[in-house]
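Chain IDs A, B, C and D follow the sequence of writing; residue 1 opens each chain.
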Amino acid sequence: MKGWIIRSTLILAIIVLAVFLYIIGKEHVIFVENNTFTIDGKVYEPYDLVRVTLDSGEPVELKKPRGRSLGRAKVSTTGLNHKVLVEILDDDDNVIESKEAKFNVKNNVEELLLNIPALMHDAEGWVANNQKTIYVENKPFTADGKTYEPYEFVRVILDRSKSLEIRKPGDGHTGMDKGVVTDLRHTLYIEIMDNEEKVLESKEVSYTVGHAQEKLLINIPAVMNDVDGWLTEYEE
Amino acid sequence: MKKVFILSLLVVFSVAVFAAAPFHIGVVTGTVSQSEDDLRGAEQLIKEYGSVEDGGYIQHVTYPDNFMQEVDTTIAQIVGLADDPLMKAIVVNQAVPGTVAAFRRVREMRPDILLLGHPHEDPNMVIDTFDLAIYPDNVARGYLIILAAKRLGADKFMHISFPRHMGYELLSRRRDIMREACNDLGLEFIDMGSPDPTSDIGIAGAQQFILEKVPAWLEQYGPNTAFFCTNDAHTEPLLKRIAELGGYFIEADLPSPTMGYPGALGVTFTEDEKGNWPAIVEKVQEAVIEKGGANRMGTWAFSLGFTATAGLGEHAKRVIEGESEITDFDDVMEAFMKYTPGAGWNGSLYVDADGIEHDNFILIYQDTYVFNPYTEGGFMGMTQVEVPEKYFYID
Amino acid sequence: MSILKSKDNKIARFFINNAVPILFILFAVFAIPMADLSIEYLVAEMITRLARYSFLVLALLIPVIAGMGMNFGIVLGAMAGQVGLIFVMDWGVMGVPAFFLAIIISMPLAVFLGWMAGIALNHAKGREMVTSYILGFFINGVYQLLVLYSMGSIIPINNSKIVLPRGYGIRNAIDLVNLRKSVDRLIPLEINGIEIPVMTFILVAILCVFIVWFRKTKLGQDMRAVGQNMEVARNAGIPVERTRILAIVISTVLACIGQIIFLQNIGTMNTYNSHEQIGMFSIAALLVGGASVAKASIKNAFVGIILFHIMFVVAPRAGKTLMGEAQIGEYFRVFVSYAIIAIALALHAWRKNKEAEFARRSLRVDTEEAAGTSE
Amino acid sequence: MMEKIKDFLEAAGWPRLIIGLFLLALFITAPFVEVNIFTSLSDVIVRFGMWGILVLAMVPMVQGGCGLNFGLPLGIIAGLLGAVTSVELQLTGLVGFFSAVLIAIPFGIGLGLLYGILLNKVKGDEMTIALYVGFSSVAFMSMMWLKLPYKSPDMIWAYGGTGLRTTISVEKFWYRALNDIWTIQIGDHFYFPTGMIIFFAFMCLLVWVFFHTKTGTAVTAAGSNPEYARASGVNVDKMRIISVILTTVLAAVGIIVYEQSFGFIQLYLGPFWMAFPAVAGILLGGASVHKATIMNVIVGTFLFQGILTMTPSVINNIIQTDMSETIRIIVSNGLILYALTRTITIKSAKVKA
């Protein structure tokens, strides 16, 4: 009896240790971004030069984005509680303004996006999940009293990587699928097919997701017919 | 008198100093028993630029024959090159497992050394560590080999491989592309498993399997079956049987006229044919035609292994001397053309699963050469064919 | 006269006892200058090799005590360790926590595999080495089935850097960049530009203490008894089968940890091959260090790693200089390395004979003296 | 008759019976998955003939008390030297084959002598040392293949450099020289390499005869009980050396037989992989580290090569993916493991006879 208690305690202790190790060791990639941030019609502009220190790591310097640059840096971190120190610099590297903030990461979040202008203005969503779940539906869409019908068989490629195949709802098909994408700017490649998988029609569109949005819904018939409102926030 | 002596001593010294190469290039290849052509490429470089022992540019070392197990030795050999303060570039052909680990250590020790190679390890790791990687374009070849088979008259296509190779992203992807291409071009695709030459039964056991099974396969699937295998050890017996009994062999996994053919068909070479690719192709062609393999068997006219070692070495030298840009596709091809006069090359940049194009990972391929009895040679013109876009999206 | 004789003996005994290291030092004296490698590089390389291999080689000791010979079955432990690493990398855990988490995950698997191997070896008494060798092949097939076909399809693995794009099967190479040298560099120390993996050496030291302590425990004593004579041990009430199984389980678990240490040092993992030759190399190193199938010590392990690996690093370059061709250098390395092991083993056997002779002689002197006093 | 069957069963033992039944099951399944049973049977027989002598080469050393010969590559190298020299001399047909054998034998004796002397120094550790002798001899010969002055255009490299190719085709010389003596060909599919099988039987006979000579019994005595043998005046060390020489020569002959059927001479790493299948074969046949008979060789070679041939063919045709190789590894090594972990009862009566 005594041996049994000791053993089960030991096993329990090891499991607790494993969970603890998982939590403190889990990698969270944090993208620090010095880029324009828009929320509720308000626009926060990026700074010329900022220095960002995450926890006690090496500081990173970010310039104002130019051309294709997104003004970003990638920092790998572990643990759930972080603090960030932002220093706005002038041309001679003098600190004009600085601010320190704290934030938490949920354990199951792989990537975070941290927007500096938003942080400096305390705007909602300055730190957000960088992974967005995109729900794609092949269902009837109604707009301006007109209804666009779903297609027999559709192949959708999210950002040239994740491929989804969706049939018309009914016969056990839900007419819906989802995929996870990272970042804010995305492309969507759609192929309308017949039952022999021959492509009848294809289309490519690009779209942008807001910082704070985590789940989005795309309606295929609406996209194919260029109807506004094909991209909405997803509600369970 | 004394002055003259000192002066002459100075002259002697200065000659010695100036005669020595200003920098060194490390070249790492397999031995002849693993990959002959790779090593011959290194010998070509030594012939041109001299070995470090003789004051030249090239420091050649080899990795172990059973490199899959002796990763440690591969790492030590590569890192050992970086111990030389004059070392400015390291070319590894083929960059077998352990190269990435070694390159990371070289980077830590000597960030100035250029790192080039033909990688075996996962593209994700290679992109982050290599300055330049070249790889046969298995995406395009997945389609083009099937197309060539169809043009030659095959109606079935057999892909022979084993689990360990199917753990390689680019090999596994090529198989799926081949399957899709067979579907589209109307060939039947047969996925065949075979013993792994590095497993318990060894190379001989794996080869014996091929020797025994090809006749059975030809009987079951008919003489219009094209065969393709992912492993070099399987190539030799496969060629022997196809030449004897029928079937098609478009090109090897790492094509070269010296890949499999000389051993399989007992081709004899004289001393004066050595080192001359066109003469070797002709000699192999004679043997293939004699066995009745005309219009059924092919290769690349210039060895990939040879060209990769020599071409990457040449490119590295040009980059260090400021003549070329490390990741400039045209510059790379120019260095390659030096060793393959008149060959048709084509290629693209590797695009990863996230759709990001990497300019330090170049995929290349040469035109397929089919042995035939006509003197004009059998280039298939595969480099002119445009590969349909959809194959690039197949995972 | 007897004093002179014993002095003679001392010198002779010194050479005989240290024949193998002397042979190696002779080899090194010739080969190192020919290899044209800097001393810093060699020292750094040896420190790396010690960090990489110590744990794995030490894992061989306990089955030797139990009379089971060289355990080629440590590849089973290595495979278990790799499975642990795959999971940890999939979950995106990094650094030292990843290291310990991988150990915790793979431990039950290692215990299970060790237990199975132990049972199999109990059915193959006297053929342990061959059986453990084939056991390695067999479990390798099971490992392939698990990693290449089940992971991603039955066992959920989602990280696209680990799983093949086709959706199941682990890639042939996995990047351990998040784990690379995390333990080695936990306590950073650099002497003369040479990095010392302090934490790894602390772990190795703990293991050495454990082995020394273990030998003195009841179980350790039992193992020695079983190793010397199974029948006698059985008659003395020692559960022979159970003791042997425990020896293999401990060895497998240590090998599992050893493989994780090995891979965190290298920083990349060949999913299907990293484990294969672990047994072969560890055993070779231990043998070079002066161990035999029946007797091996901690000292043998360390001496062996240094000597064996110095040869591995130096020989290809020395061979190249000697023969003027790179590939011949490579063959030269393999030839010299293994030929020297063969010679070393022959020398050990010779030493054993000589020692027996010395023992007989001293015994004879003792009895003569004893006889003298009694008269 | 019944007695004989019973005897055979006892000698064969359950593991072999079960593995034999498994093999039989594979043969029965074969036609249903479109594997031609005659081709398969023929393949198994050919492989049996190819491997037979190499497996037989294990026997003298085991009987001499030196354990399983992981140093088989050493003997193989002697054979390769013979084969390569015969090709260099452009000898063809049976003349080529037998001259290869004759050239190989002195090399085999010489190498065997040195090997035997080394093994006598390390009594108790023979198997480990044999492993390393195998490795180092393969590496040493790799250097030699590059440096030996063979010049035949059939054997030199295509592109450059000195030395011999990795694979040399013997098609123009003595391909199937032995196989094709009195070949029986039934239909398109069944081929029986009579000559090779007869040669194997002849070699078995020679070994059997040897072990019934005075020297042969002395070797067995030295192997089974060295102390007793020494007491009765047998020079144990000498007997061990004889057994090692015999093993090495048999391996040398075995590889030439193998090559004439295989069609290629494989140099460099080729010999490296040959020891394992031979060791596995004899173990599967019921031999132990201390005792091996010719019956073990015949049964073991047939079973092991049978499984090696049949498992991939049948499984491949059942599931058409690369997974079949994984299953082959599990099945064939599982069976060897099974054979190894069954207790082998050594019948003392047999030893005396």
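In this text, contacts are C-beta pairs under 8 Å (C-beta built on N, C-alpha and C of every residue); 3 or more make two chains touch, one makes a residue touch a chain.
Keep in mind the model is a prediction, meaning the values are calculated, not measured.
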| item | value |
| --- | --- |
| Distance-maximising chain from subunit C - centres being C-alpha averages | A |
| C-D compared against B-D, more contacting pairs | B-D |
| Rounded Å distance between subunit C and subunit D, as computed from the means of their C-alpha atoms | 31 |
| Centroid spacing, where centroids are CA-atom means, of subunit B and subunit C in whole angstrom | 36 |
| Where subunit A and subunit C are represented by their mean Cα positions, the distance between them in whole Å | 47 |
| Residues within subunit A bordering two or more other chains | none |
| Where subunit B touches two or more other chains at once, by residue number | 31-32, 39, 65-66, 163, 166, 199-200, 353, 395 |
| Where subunit D touches two or more other chains at once, by residue number | 142, 146, 280, 323, 326, 328-329, 333 |
| Residue ranges of subunit D touching subunit C (in the complex, touch as defined) | 68, 118, 121-125, 127-129, 132-133, 135-136, 138-140, 142-143, 146-147, 279-280, 283, 288-289, 323, 326-330, 333-334, 336-337, 340-343 |
| Contact footprint of subunit C on subunit A as seen in their complex | 14, 17-18, 21-22, 24-27, 76, 78, 110 |
| Of all residues in subunit B, those that touch subunit D in their complex | 31-34, 36-37, 39-40, 43, 65-66, 161-163, 165-166, 190-196, 199-205, 207-209, 211-213, 215-216, 219-220, 236-237, 240, 257-258, 262-271, 273-275, 280, 283, 303, 306 |
| Contacting residues of subunit C [partner subunit B, same complex] | 37-38, 41, 45, 49, 52, 137, 144, 148, 160-161, 164-167, 169-175, 177, 180, 266-268, 270-274, 276-277, 280-281, 312-313, 316-317, 320-321, 324, 326-327, 329-331, 333-334 |
| Residues of subunit B defined as touching subunit C within the complex | 29, 31-32, 39, 42, 53, 60-66, 68-73, 75-77, 79-80, 83, 97-98, 100-101, 104, 120-122, 124-125, 128, 163-164, 166-169, 172-173, 176, 198-200, 353, 395 |
